[in-house]
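Common to both upcoming complexes is subunit A, partnered first by subunit B, then by subunit C.
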Partner chain A sequence: MIHVSGLYHSYSQDDRYAVKDVSFDVPKGEVFGFLGPSGAGKSTTQGILTGLLKLQQGDVTVAGYPVKSMKNEMFNRIGVSFEQSNVYSKLTARENLAFYRQLFDVPTRDPLELIRQVGLGGKENLKVGTFSKGMKHRLTFARSMINNPELWFLDEPTTGLDPAIAANIKDIIKAQNEKGTTVFLTTHNMFIADELCHRVAFIVDGEIKLIDSPKNLKLQYGEKVVTVEYLADGRPQTETLSTVQAEDKARLQAILGTYEIMTMHTKEATLEEIFITVTGRGLT
Partner chain B sequence: MFKRLWTIFARDIKVGTRDFITLFVLIFPLVFAFGINLITPGINDTTVNVAMVAGEDPDREAYFDRFAHLTLLPDRQAVADRVLQRDSLIGVVRDGSGMLVLAQGNEPDEAVELVKLIAVLYDSGAQTGSEQTELVSLGRTIPPLKQIMVNALLLFVSVLAGMLIALNIIEEKTDKTISAIHVTPVSRLTFILGKSLTGAVFAVLMSVIGLFVTGCGQINLLQMLPVILAMTLLSIMIGFIQGINGDDVMEAAGSVKLMFLPLAGSIIGYELLAEKWHPFLYWSPFYWAYRANEMILSQNGSWAQLLLFVGINALLGAGVFAVLAPRIQKGLQAQ
Partner chain C sequence: MKLFSSFVKELTLATRSFYFYIEIFFAVVLLAVVLFAIPEQIRAVQTQLLHLDLPQPAADRLTADLLEEDLDGQWQTVVLESGGQAFDTKLIETETARVYIVDSADAVRALADTQRNIGMVLSLDDAGQLHYTYYLQGYESQRLQNLLSVIPGASLDGVAEKIADLPVEQLAPDQVLLNDRENVIPTLIAFNSSFMGMFIMAAYVFLDKKEGVINAYAVTASSVARYLLSKILVVLLTATVSGLIVTVPVFGFQINYGLVLLLLLVSGFFASVLGLLIASFYADITKAFGTVFVVLILLMLPVIAYFLPGWNPWWIRIIPSDLVIWSFREILIEDGKTGFVLMVSAGLLVAGCGLFALADHRYRKTLSVS
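After this line comes the complex of A and B, so read on.
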């Protein structure tokens, strides 16, 4: 669905690249996470893929269309949700979606249905200027689904949303993906990436450092340990033990058989920790 | 493409009706047109003011009252004093068996001649209704002041069309919606044309309405169209660049207001400067548009002359386009 090879982009048109030799492929039906800290080149890459930025160097194909000679009809097949909400504040939520649906040549979804799906039911006739930041963000997200996109670009779709609404948005993304929509998810939120993505790419300073599935990364970088908290002689004790070394395994069995266990956790590496290990950088 | 053009146009109109400044811009030409009617006389109104001594010659008074704005004063000295005031008023007093026309010297020749004509007609016993008369146009069908103001109105409308575009672009910028449009099947060209449509329709519609409201609807509207379009294209480009460079509505309104300077300068220069100084105004598209409008309003010019003026205007517009087009494209790309 997406093919990127040898992508470079410089805003200053010199060798100070915002994106440097980026290459990856996203097959149909995949949720591909593009992860990195602010300024890493995520939005630049998405900007090039969606035609908002001019392709300077590299070979990029999106939904079968070469980006270099991009045709407007390509946008009938893709949807884009922006990090910063961008909807008409003087129009109502319904008018916003009704306006956009008329710009496509393909069958579109009912604005009211989309508004309800993102939890804005009852607000469809309010001017968007009266909406909170989160409500605008949800409307921007809803708009990106108006043309039933085959390829869906999502830039920080849950940023600024409260946990319940963010969970709803994640469910919508999962449901759309199950229907066959390919998702290109740009985020610095490792939890949402971990939950949604089949594969993730770590990008730092414009370069992709690694591409793999979250599961593989955890297996590769996670520590196989367990932390157990127990009561010994009435006082709480904590030990971290390997789940593979014989000595630690025996010790764990002894603790379990002897003491009252308070808590016990396997120590699974988070994507964020793996990101820091791989790139040497944090995500903020 | 036409469906999308219409969609963008309809949205702009809908949003325009919800914005006070846009509404003001939309309505202003109408208010201006009605204002012109209020402060300028029509072609059939008399333009001559006459003062006479009350009761000096009742028959003559009655005769003048039918053709002029008559002011009756108590004596001859009062008439002379009144004539000396700043406005254009001509005194008529008895002089033996005849009469004397008192003028300050700065009155329009036509006014003095008209008073003399009325006096001659009275002396020869001419009465209305007793003659078969025919109105013959002498090349001027609109009073001069009205012509200047209607001409200025037409130029205002084109600048306001640019202002409408600027306000629209600012709105898109404030809401950051241009990038959202760019990820739909709407091409950059369709977007620019759609945004321009509001300004172009406004300019044509308001110009025509303005002409009819001010009683100038009898002119050749077909001749007016290329002038309006040439000026509107220029204003649209200015509107786009102001919209792209501006960050809020007030800033854009302020920037577009600056366009009224060359507009006013061109009108004042054309009307007040001797012809030898006019080359200093040749750079201004408003100058050429004003000349073309004047020709059309007075119904006193040929298509060849008109096309020359419009052609010069189009050339100046092309120059502006060459400078601004890359900036407009880049500006829209960057939003």
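After this line comes the complex of A and C, so read on.
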């Protein structure tokens, strides 16, 4: 569904790249997660893939169309949700969707049904200007699936939502994917990524550091962390250490030799911990 | 279809914003001003100052001749002032002129200066021929000046009629055909209906920019060009409505509304595309204000030139609003030059299309991810 190779992008048109030598492929039916801290280049990549930003360098094909010669028709098969919600505040939720569906040549979904699905039922006739940030974000999300997209771009669909609503959005994405929709998901929420994505790419400073499935990543990194709880000068301390890295191994031996151990167990690393291990960077 | 639904949406948005009503409101206010504050004065009644520097019998005869044309056959004594000096004058009012007969050439000169009227001194030269001296205001057209130089006849006979008729002839065809009220209409329509479109369009775009909706539009099966076009259509609609609000009550159905519509549409198109283009360079209305203001002033200059016949530098002629104003005028006057109107319309359309292509390019280029 998506093919990207050697993608570079510089907003200043020089060698300060927001996206640098990015390559990946997303097969049909997959949920592909683009994970990275804020400013990593995730939105920039999505922007190029959806034709909002001009392709400067690299080879990009989306849903069979080279983005260099993108046609409007291609968006009949594509849905895009934005990081910053962009709906008309002077129109009601329903009017926003009702108008938007007219812009496609394919069968579209009922606005009211979508509004209910994202938990905005009862608010359909309110002007969007009265909505909270999170509500606007959900409407932007709902709008992106109005044309039953085969390929769905989601830029931070759960950011800024409270956990229950985020879980609802996650379920919608999952259900949609089970019906065959390919999903390109940008997020810095590792729990969502962990649950939804078949594969994830770790991106930092515009560069992809790794692409793999969460399962493989955990197999690779998961059993190799040990959490040790010990008493130092009578006070309890906790440390999480890798069992492969020389530095951590030495530290572990030192702790074992010096202090009184209270508990000690190996633990499956979270995606977030793996991200930190791999990239040396946190997610926020 | 997509264009139509976009148009309906833009119209919905417009009617929920304040700018939509500004233009209509202005049109109504302007109409009220035109109808109630500007008198429908006939330009043909022109005031002039006359001194007869002739032997008494000749002067008396000429005065008598003029009096025959007077509405009541008698003169009135009127005191005119200039620079603190009072001058006794005899006022003769005919159907087409108000002629003040004054006692000296100096009085003519002084009064012509302060009253802003044409002054005229009739005298006999050495050969016993009538000699005419005009005091003009400096803004009279070359055409009028030529006309004045051929009017004088060799004898006293008929001079009175010539003097009385002079103003009518003076206000040659392209000057006399609109009364004061009608005369201001071209500038009003050109501004409220057409060039306000630029400002209103910019305002609409900035409302959208604040919400980032154009990005959402860019990822649909409809084009950015269609989005821009739907906005233009809304501006054209208000331009047409407000244009008609001003013209119909003043002119009734005596003018060619096909041409009026054509000109309202093409000038509105040009102006709104200009607004689109300007707005594409700025993030919000405050940042764009300087540019919008300068362009509006530039577009206003032809209005000044229109009302000041003496000030008409060549570069005014190439400002689009000048062409629009004079085209409107051609539509409003009888036997106006339709060819000129069509040519200006075609020019505005072509220029508008060029700017539209540029604006489309700009809007695509400035799409963003956040």
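A few remarks follow.
As a convention for this text, the second predicted complex is superposed on the first by the 241 of 284 C-alpha atoms of A that agree within 3 Å, B and C clash if a C-alpha of one lies under 4 Å from a C-alpha of the other, contacts with A are read in each partner's own complex, and residues count from 1 in each chain.
Basically, a contact is a pair of C-beta atoms (placed from the backbone, for glycine too) under 8 Å apart; a residue touches a chain by one contact, two chains touch by 3 or more.
Because the structure is a prediction, the values reported are computed rather than measured.
Superimposing the complexes on subunit A yields a three-chain arrangement in which subunit B and subunit C clash. In the overlay built on the shared chain, the residue A:103 is in contact with subunit B and with subunit C. Of the two partner chains placed by superposition, only subunit C is touched by A:43; subunit B is not. Of the two partner chains, neither subunit B nor subunit C is touched by A:24. Of the two partner chains placed by the overlay, only subunit C lies in contact with A:83; subunit B stays clear of it.
Look at A:8: by the touch rule set out above, it reaches neither subunit B nor subunit C. In the three-chain superposition model, subunit A touches both subunit B and subunit C at residues 50-52, 54, 72-76, 78, 80, 82, 84, 86-91, 95, 99-100, 102-105, 140, 143. Partner subunit A is touched in their complex by these residues of subunit B: 3-4, 7, 11, 14-15, 18-19, 171, 174-177, 179-187, 333. The touching residues of subunit A, counted against subunit C in their complex, run 43-44, 46-47, 50-54, 72-76, 78, 80, 82-84, 86-91, 95, 99-100, 102-106, 140, 143, 147, 155. Residues 50-52, 54, 72-76, 78-80, 82, 84-91, 95, 99-100, 102-105, 140, 143 of subunit A are the ones touching subunit B in the complex.
The touching residues of subunit C, counted against subunit A in their complex, run 1-2, 5-6, 8-9, 12-13, 16-17, 207, 211-213, 215-223, 365, 367-370.
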